[in-house]
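To start, the structure itself, in structure tokens.
We call the chains A, B and C, going by the order they appear; numbering starts again at 1 in every chain.
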Amino acid sequence: MESATTISQELFTTNNLWILISTAFVFIMHLGFACVESGFVQKKNVINIIFKNTMIPAIGLLTYAIMGFNLMYPGADFAGGFFGFAGFGISTDEAGLTSAYNPGYTYWSDFIFQGMFAATCATIVSGAVAERIKLVPFFIFTIIFVMLIYPIIGMWHWGGGWLKVAGFHDFAGSSLVHSVGGWGALAGAIVLGPRIGKFVGNSVRPIPGHSIPLATIGVFLLWFGWYGFNGGSVLSADPALLSLVFVTTSLGAAAGAVTAFFTSYFMFKSYDVSMVLNGILGGLVGITAGADVITPMESIIIGGIAGILIPFSVVFFDKIKIDDPVGATSVHLVCGVWGTLATGIFGEGKSLVSQLIGVGAIGAFAFGTAFLIFYILKVTTGIRVTEDYEERGLDITEHEMEAYKI
Amino acid sequence: MESATTISQELFTTNNLWILISTAFVFIMHLGFACVESGFVQKKNVINIIFKNTMIPAIGLLTYAIMGFNLMYPGADFAGGFFGFAGFGISTDEAGLTSAYNPGYTYWSDFIFQGMFAATCATIVSGAVAERIKLVPFFIFTIIFVMLIYPIIGMWHWGGGWLKVAGFHDFAGSSLVHSVGGWGALAGAIVLGPRIGKFVGNSVRPIPGHSIPLATIGVFLLWFGWYGFNGGSVLSADPALLSLVFVTTSLGAAAGAVTAFFTSYFMFKSYDVSMVLNGILGGLVGITAGADVITPMESIIIGGIAGILIPFSVVFFDKIKIDDPVGATSVHLVCGVWGTLATGIFGEGKSLVSQLIGVGAIGAFAFGTAFLIFYILKVTTGIRVTEDYEERGLDITEHEMEAYKI
Amino acid sequence: MESATTISQELFTTNNLWILISTAFVFIMHLGFACVESGFVQKKNVINIIFKNTMIPAIGLLTYAIMGFNLMYPGADFAGGFFGFAGFGISTDEAGLTSAYNPGYTYWSDFIFQGMFAATCATIVSGAVAERIKLVPFFIFTIIFVMLIYPIIGMWHWGGGWLKVAGFHDFAGSSLVHSVGGWGALAGAIVLGPRIGKFVGNSVRPIPGHSIPLATIGVFLLWFGWYGFNGGSVLSADPALLSLVFVTTSLGAAAGAVTAFFTSYFMFKSYDVSMVLNGILGGLVGITAGADVITPMESIIIGGIAGILIPFSVVFFDKIKIDDPVGATSVHLVCGVWGTLATGIFGEGKSLVSQLIGVGAIGAFAFGTAFLIFYILKVTTGIRVTEDYEERGLDITEHEMEAYKI
């Protein structure tokens, strides 16, 4: 990367443009999540999940402007790299608008690119708690998780905190984004309990999603958006690195699809489209931590193993009776952890020990705080809709509307 | 902005690339409109609205090539800044292909970016007149409105005409695009009258849309496309200005969602997803006039007020018995006017008086001509389908097809 | 184009960025195909087509990494420009990461952009053989077609082979991509035979698609992606050429919509949305061979003729009892051939004779090999599902799932 004092206005302009285009790509991932999650839930809960996934990026952007950005990038390091805060609101200082701020982007580009990421972790949670959580407590969780928990963890590494010092490497967020969301999803699914009728005695009753085309649109949009998620995390348009990241991201997703296809075929003897779709997402999550430090061939291995993990993980969570309607924990938590560890295994000069420390610390903090928030909400406002509401569906009971008139 | 004679080929290339990418983003807004409008109409009229919204960008691009572009950018100022015309067709002059034409883009990029905008105003109209207008008269309206009315108004400001001289400021088209479409929508809804059964005595019967997921996809695609709509209107990839525009656009949309949520909850005591979706669009429309001259904090205020206006406006138009199936007048007209005025209030060095003059002149001309066209069509070809057709739906009567076989 | 030794790092960065963004645009075309094809098939076969169209890009990227890329760009010319191979796998040589490799992109960008194209031809085939082909034989066909046939033909022109020497011009693949897919589609449709009940005696029974909104989303996403397909084929961000390509691509699509509208209206006396949608695709396919060497006005003619060809072609294939559920042969084969010939007619300095030679050679090889593969599969594994499976639908029989629970 060129130093801030010598970079040309031309390169600065191109770099900054790429960060902004990446922001738009990451934005479309919110539509991707909305489609995947609404496609995988029952018809009677479609408006509810859409309502949540529409509000989440709005809440995420506003809270990130108010304080998230300044928690994540505090600048100074008070509290030993564990916590810092640069004050409320976003700056309008002109110094942020030149390459003196950063050779890759302006202050405003920095804010909006990172802000678009921020809400993602709450979106991941919404899938796992779908079809039974009350709306307002979920939004309270979202605000706390996105405004405080996510940026504090993010600061540990991307904000220059203690994990950075410890040699941890998470390029675009297998751990910092996806596993954080995945831990929140797991905590929520545990505190809420399974949907009525999902587990009866020792048998698992499948509750199929209402629209596979909608879920498919979502997965493709997520893959598309991932080019901004990973590509923008290069933090410049550097040709060599950016083209590597596009290749590793693409091959990781492709390998995840193929291995999930074979693994699920051997396990279930059927061509299971939802496994292939989640295999793609698993491959993408898996590749995200190390997309910048591995070779194309290694990306096939990492994405491929992620695709194998998906059906095993889905069966495992069913076995221990944790009900996650869209498979968010399998995709984002399991493959997020795998991708972070894989970076320690394959990444040149990376340390598996540092990766394990990061995975453990992030998991403990994210799961612990998410569990605590959900638990406090459970004993105060309550978090689960009534049985009657759950059976009639949240669309008609909480929103007085139906998703379809077909 | 660098002067045309000194800009480097490198910056010219990056600037021009951004305008072309923005063109693709604005294109996807046409899909966004198609999804929003088809999602919000009844199942029996889905093909009809899709047919219209698919033909509109095609008609818009061709008519803009034939004469719209040369009406909007006549170059010379005959008729006192009110009207000019540079002749039919688009040039293939090589002088248009270098930074001597403009440091931000080639002549061809200029044409195609502006051409992609042009059809938008007709698309806005199609939502308000949905479920009861005849196809061919609508296309006649579209051709006249897009080929003549839109570019003449556009010339007043963007083409260097009298509104430009008067100090009017409309960055990316709260007035020039959205309110023009909104006035057309209002004129069409008035001339056509309400759908059968919408207003019975003093009661308003809600006619719910057939697919909320489809409408949601549309709103997210519009938000996505807006990064090109507003971002491309910077007319270069200037890092400081472009990053500001991305921030104000994003925060405006987010604020619109949140305030529409609260406002509609207090008004209707329910979590109304269509209000939140229209709140996002209202925020985006509101922010469009001043996205380049306000601060991020002001964008939250402007977008937030737009989101408050949405449910009030929807109720108001119902009250005065104007039937707009998708809420196009509330989103594009009301919030377009609001955004234009807000620019006079918040924009540094901008004049509220100039903004009022612009809003008034544009409104008078757009509404007047649209009303006249619709009225003439009504008394000649007729514009409304028969009662029988309306009740059976336009898909089966005008297209002999059904949208779904589910 | 600047020579590799003199291009600035700034231009190289911008050029390479555009190739990568184009890659993402072409990726979204795979979602476009999935939506078009699933929208145009019956409800009972939706998961099956989605399964295929999800696996195809995954298979395509992996096989292109393993050997396709090295068949298409062998570097040396053994076998007289007809065949070459640079060895398995993709290189990690650092020499590929600078402008010394190419002033427009790195080696990795080259691979991933071309790799995203590769699977397209198999995706085209999947539409024509939908609703009756067995899954595993289709994947075997896909692997052979994408890994061998497509790159060998591609090498003839884009890899510097004998067609290049012969003066053939196919800018972005009217022939090399679309007609190759179209010939494969025709071969598959012939070997398989029509769906049960499609042709009864001399009458043709229409089998309407299950979701027009889904098909519409697909067509718009394809148009959007085409800006990367054609735009990326400029192989740099050259302002003059790139802006021309955006204009010709846009006007070609628009003209195809309008002429398909009129032609189908005069033929069938109805406003047929599927004809308009296929008219857009036909216009895009038609413009692809010559988008860089024609004028904007000529693009309207070429796209317009493509739009006229669509309804005639659909009727023709029905007449000769070739059953293509989504119209893939009409769009990709007929308009692909037309676009290639049109380049010889309109393109400055291009030769119609060279174009005819290319169309003939590509057609003979693509159709011949595709027919052979399908025929061998037919007599070995079998390629057609049982009558019982076909009538009950492939979703429930091959995938044990339903696409919708609505």
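In the analysis below, a residue touches a chain if its C-beta (ideal position, glycine included) is under 8 Å from a C-beta of that chain, and two chains touch if they have at least 3 such contacts.
Please read these numbers as outputs of a predicted model, since none were measured by experiment.
Visitor: Between subunit A and subunit B, two touching copies, which fits better, same or different residues at the interface, with half of the numbers shared as the threshold?
Guide: different
Visitor: Rotation angle, subunit A onto subunit C: superpose the C-alpha atoms of these two copies and give the value as a multiple of 5 degrees.
Guide: Rounded to 5 degrees, the superposing rotation is 120 degrees.
Visitor: Averaged over CA atoms, how far is the centre of subunit A from the centre of subunit B? Could you give it in whole Å?
Guide: One centre to the other, that is 33 Å.
Visitor: At least two other chains touched by the same residue of subunit B: list those residues.
Guide: 8, 10, 14, 17, 21, 211, 217, 404, 406
Visitor: Which part of subunit C faces subunit A closely enough to touch in the complex?
Guide: My answer: residues 8-10, 12-14, 16-17, 20-21, 23-24, 27-28, 30-31, 34-35, 38, 46-47, 50-51, 54-55, 57-62, 65, 89-90, 92, 97-98, 105-109, 111-112, 115-116, 135, 211, 214, 217, 398-406.
Visitor: Which residues of subunit B touch subunit A once you look at their complex with the stated criterion?
Guide: Where subunit B meets subunit A, its residues are 8, 10-11, 14-15, 17-18, 21, 25, 42-43, 208-213, 216-217, 219-221, 223-224, 227-228, 231, 237-240, 242-244, 246-247, 250-251, 253-255, 257-258, 261, 270-274, 276-277, 280, 295-297, 300, 404, 406.
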